[in-house]
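Per-chain residue numbering starts at 1, and chain names A, B, C and D are given in the order in which the chains are listed.
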Amino acid sequence: MIELSREKLLLLYRQMLSIRLFEDRVYQLFLLGMVPSTLHQYQGQEAVAVGVCAVLNRDDFITSTHRPHGHAIAKGVPMKRIAAELFGKVTGCCRAKGGSMHIGDYSVGMLPAIAIVGSGIPIANGVALAFKLRKTKQVVVSFFGDGATNNGSFHEALNMGAIYNLPVIYVCENNFYGASTHISKVMKLENIADRASAYGIPGVVVDGMDVLEVYRVASEAVNRAREGEGPTLIECKTYRYSGHSRSDPANYRPKEEVEFWKSRDPIFQFKKKLLELDVLSEKEDNRIRSEVEKEIEEAINFAIESPLPSPEIALEDVYA
Amino acid sequence: MIELSREKLLLLYRQMLSIRLFEDRVYQLFLLGMVPSTLHQYQGQEAVAVGVCAVLNRDDFITSTHRPHGHAIAKGVPMKRIAAELFGKVTGCCRAKGGSMHIGDYSVGMLPAIAIVGSGIPIANGVALAFKLRKTKQVVVSFFGDGATNNGSFHEALNMGAIYNLPVIYVCENNFYGASTHISKVMKLENIADRASAYGIPGVVVDGMDVLEVYRVASEAVNRAREGEGPTLIECKTYRYSGHSRSDPANYRPKEEVEFWKSRDPIFQFKKKLLELDVLSEKEDNRIRSEVEKEIEEAINFAIESPLPSPEIALEDVYA
Amino acid sequence: MRRLTIAEAIREALREEMRKDPNVILIGEDIGIPGGWGGPFTVTQGLAEEFGHERVIDTPISETGIVGMAIGAAIMGLRPVAEVQYCDFLFCAMDQIANQAAKLRYMSGGQIKIPLVLRAPTGATGRGAQHAQSLEGLFINISGLKIVAPSTPYDAKGLLKSSIRDDNPVLFFEHKLLYGSKGARKERGGVELLGEVPEEEYTIPLGVADIKREGKDITIVAKLLMLHRTLEAAEELERDGISVEVIDPRTLVPLDKETIINSVKKTNRILIVDECPKTGGWAAEISAIIVEEAMDYLDAPIKRLCTSDVPIPFSPVLEGYVIPTKDRIIQAVREMLG
Amino acid sequence: MRRLTIAEAIREALREEMRKDPNVILIGEDIGIPGGWGGPFTVTQGLAEEFGHERVIDTPISETGIVGMAIGAAIMGLRPVAEVQYCDFLFCAMDQIANQAAKLRYMSGGQIKIPLVLRAPTGATGRGAQHAQSLEGLFINISGLKIVAPSTPYDAKGLLKSSIRDDNPVLFFEHKLLYGSKGARKERGGVELLGEVPEEEYTIPLGVADIKREGKDITIVAKLLMLHRTLEAAEELERDGISVEVIDPRTLVPLDKETIINSVKKTNRILIVDECPKTGGWAAEISAIIVEEAMDYLDAPIKRLCTSDVPIPFSPVLEGYVIPTKDRIIQAVREMLG
């Protein structure tokens, strides 16, 4: 196991919990009809966003997808700005213009999330190119799903990242489904990481339910990128607990499969480990939980109490 | 060496010669200003088109690229229809609407060539899909260059060909350049065939200057496809003697490199072998050459003497 | 008569054509997965069960690969009905659609045909800029495509059957808010649209507009969701004694100019209501045609009431502000009638 | 004054901006290869030698990857000038252009800027349907992009410099037949275009049209190659006593409506000559604007003289038939003047 300070370990734990409880709470409110549109939620995949983003500095960047809430929380987008954006309020991180699928906050290093599958990956290359030309030692992480790796954008981007030796880490969250479609129907490979060899870059498979493993593998990749050694493709095997989006009952998944993955819950597993290591006690856990819950309630209240945008601002922000 | 009849061997030879001499002749006429537009020529790569197409039946199909003359001749498009198309005459295989980059003849199994790099590959899948659903045992070959393999179309198409197990053979003509750009600048791999593993299909490298080797490898792939065993990626290492297009002096290529490849000329090598095998004599060679030259002159004369299209037909053929 | 949603009507059209012609196949994402959705808006539910996975083909998220494969299959004589989940993703396959499907027949000098239908859900539904565009107007500038945009269950069924039988590439736009509120994918703001659809077989030819409401004071041309808002507006205007003629073009290419022009000759005023962005949008083409062919009949300038020239914003109050509403249609009519 | 081709003028604009601002970089295929072309039409020749391969970046044939990379770099404050070899290939990157570049700033609520220029050679040059489209008109329907289409060396240089300094995504269309006949890539049918370009630095703001010729009987709006054909036609018409005012919009988005409208108010007649296909093309937008804002000034219906609604055919006699020519412009003017 890698060496992490007690504080860092607890931070990872708290962040995973924040994501889980935030998503659960938002879903309740969605069912109450308080959240417009649809939601693509992140429960189950917390170890990926948290394990990866914990390696990054504030001035490193990420690109995200239609499923960005977890990435946003892990990268440090203020929760109340996320909540307000979901509620379509003017105080949202994107002024209510982005919405659930386009959460982003430039000031903490998160581009507006991109909901066209695969399309964020070439853009991440450009961010990395800027870092490289300016020799800043910053890196960029591009998050995407298993489904994205069958898209042409993935191919063009990984090849270009490889040939220009860009400081970018490609993080594939393999949750085994693209919408309702199981990966085995749309790809003949066992491991997506094997596709890295088509570009001459390293590919690594990691247990995406184990936040420390994710952290370890991400650290190595980030170090390589910072040292000018180029990109890495990391495949995190993980699972989304919910349906694809909030209208999806996910009947296409066998119950046992869902049960299997839930038995490997990243937060539960990590808590167990922290208890074993004496980093955490049940009491401490309760304290953290209630702190997180409080933060979430504050964020939600902020969102609920925030004003709607005045309609005319719809015409602003088209051009700089 | 594979077993081929004397007739077949001589046919391969004659076809390669036809392509070479046709291209040379067309170039002369181009310099005289008789051929409109530009030309992307095939000299040097003859063993690929001929070796592959010799395995195909008339009702098998091919897709081609901006550099289609060789494929067309090898697949059996009548030379005079090709020539007339290049000259913009109404007797051309595409009624003067396609031109040099879009040569095609459905009746012999060649779709109109597609000049957007990579874009023919997904279309070849569709042709294969039709064969598969109808259980006809036909196959389709998709020709493309090294440059195309960095394009998203290549990736999406090879993955889909693989998962549907389509009767398609992907033939990459690696002539080491995409336009002026050497492959080493745009890809970190030594062998493009290695990309096959990203899709779970076989990838084979073959000497594209050796028509019998190409024939052998293509035979295996075509057999697999016909038997329902799915696609193969074949990489033929080859070289184009001319510039990318006819306005290109190709100053970006080292002289020694050009010399090296010309010393491995596919027609010269094959002739030597046929002489050694006593399949061919110098006398026979002369006879074949003059037959081919005669055919070419007839084709060119047909093109020259054919009428231009009447302008109004420009408005026809948009819709069926 | 039986009343169906558009989703049901389209499903029925697919089923009937698939039963009739073994060459008809479906290609798309999440369209045939057991326990799955039947496509993003339930349209293909049950079809994989009836026709099998050879003819209802689930794909990776590879729009270029999907459309390319559909083109190749169509050239060989199959009649693929391919789909993208939101029309915004047509741009992911734009080369295949605009450079290949639209041009290959012409490039071949008429040797080949491409009997391909590409279904694409259009319109804004509160999901933000990348799931919201109305692109049917943009594609009319690509010569070689036919463009269909039905607004009622009856039209959708009849036009889809004709599209499938047509020997050319047809882009078939369906508005997400018109699918109807039955089923899993009901959309906030959706129109409660049930329409009469006869049991007997029928088709509607491409290129024939439909006068959805007769009137004499002003002509409004509108399609898809905007047609329904226009009909509501017309209803309300009628109470004030303003008689609106409402024309639904139903197919954008080929366009039934005659019906539109004749209406303008009668009413002498025309308003075009459109969810496509105004600049360079579909409404501009209609306007330009009228001016070329019937300017002398106009008693007032042609007006375009379109979506503002902005990406579609997320928040419902913002989205509502940029897309034409019933009230704004009424206001525009009043202004035009002075 | 010094006379340059458009290719030279553009190269000079790139060089000057690259010298001035280290954030300006070039991204494209075959643009900086030693012994190579300097891009498909020689424009970037010599720039890799001066600025190095860190700033003149040769790419694979990956248009999506190119435009995506340019977008990301632009968001981080570089000022990439990316290019496609023919504008037809914009469709290979359509998602990045239309769904990403045009929308990301808006989606972010104004947090980010995308100072990106995408150069794209447009127009037909006898190469067949996939290397021939005029797409500048289509892109005006994508909100969030600026569209520039210069017709002279002077305009090209001044507008490109402004485009590079602009904080928004700009599509910069260059007509292949206007590059000039010097250099390796001369094109059959090209216009022998040398124009005065001062040595001193200057820029031309986006959104300002230029009256290329004053006249009083009729206004013609035209851009790129069609501008030159129109000027020739105007010359010839003058000999018959017909005075034509010729307006070059120079930028399509933002559009200088005022100059066009004022001209129409003066001449009372307007013809739009355009190489984009007629249906849903750029000319329709101009027509619709005039009708909305100046219909009462019109003495004759607005006429659009555009490329026919067909893919571009290969044979020169066919290509020539579908694209407006000087003679057809003259004929259209005569008809409009009755």
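Please note the rule applied: contacts are C-beta pairs under 8 Å (C-beta built on N, C-alpha and C of every residue); 3 or more make two chains touch, one makes a residue touch a chain.
The structure presented is a predicted model; accordingly, all values stated were derived computationally and were not measured.
Visitor: By mean C-alpha coordinates, which chain is most distant from subunit A?
Guide: The chain lying farthest from subunit A is B.
Visitor: Just give me the whole-number Å value for how far the CA centre of subunit A lies from that of subunit C.
Guide: Chain centroid spacing, subunit A to subunit C, equals 36 Å.
Visitor: Go ahead and note the Å separation of the Cα centroids belonging to subunit A and subunit B.
Guide: Roughly 46 Å, centre to centre.
Visitor: Where the centres are mean C-alpha positions, what is the separation of subunit B from subunit C, in Å?
Guide: Roughly 41 Å, centre to centre.
Visitor: By residue number and range, which residues of subunit B touch two or more other chains?
Guide: 92, 94, 96-98, 102, 114, 116, 119, 150-153, 156, 159, 163, 185-187, 318
Visitor: Mind pulling the residue numbers of subunit C that touch at least two other chains?
Guide: Expected reply: 59-60, 62, 64-65, 88-89, 92, 95, 99, 106-107, 128-130, 143-144, 308-311, 313-314.
Visitor: In graph terms, nodes being chains and edges touches, is this line, ring, star, complete or other?
Guide: Here the contact pattern is complete, since every chain touches every other one.
Visitor: Which of the residues in subunit D come into contact with subunit C in the complex?
Guide: 88-89, 91-92, 94-95, 97-99, 102-103, 106-107, 128-130, 137-144, 253, 276-277, 279-285, 287-288, 291-293, 295-296, 298, 301-304, 308-311, 313-314
Visitor: Along subunit A, where are the residues that touch subunit C in the complex?
Guide: Answer in residue numbers: 36-38, 85, 88-90, 92, 94, 96-102, 114-119, 147-148, 150-152, 178-182, 185-187, 247-249, 251-253, 308-309, 311-315, 318.
Visitor: Can you name the residues of subunit A that touch subunit B in the complex?
Guide: By the definition above, subunit A touches subunit B via 150-156, 159, 162-163, 185-189, 194-195, 197-201.
Visitor: Where on subunit C is subunit A touching in the complex?
Guide: 29-30, 33-37, 58-65, 88-89, 92, 125-131, 184-185, 188, 308-311, 313-322
Visitor: Residues of subunit D touching subunit A in their complex?
Guide: Listed in rising order, the residues are 25, 54-55, 57, 59-60, 62, 64-65, 67-78, 80, 95-96, 99-100, 104-115, 143-144, 146, 167-168.
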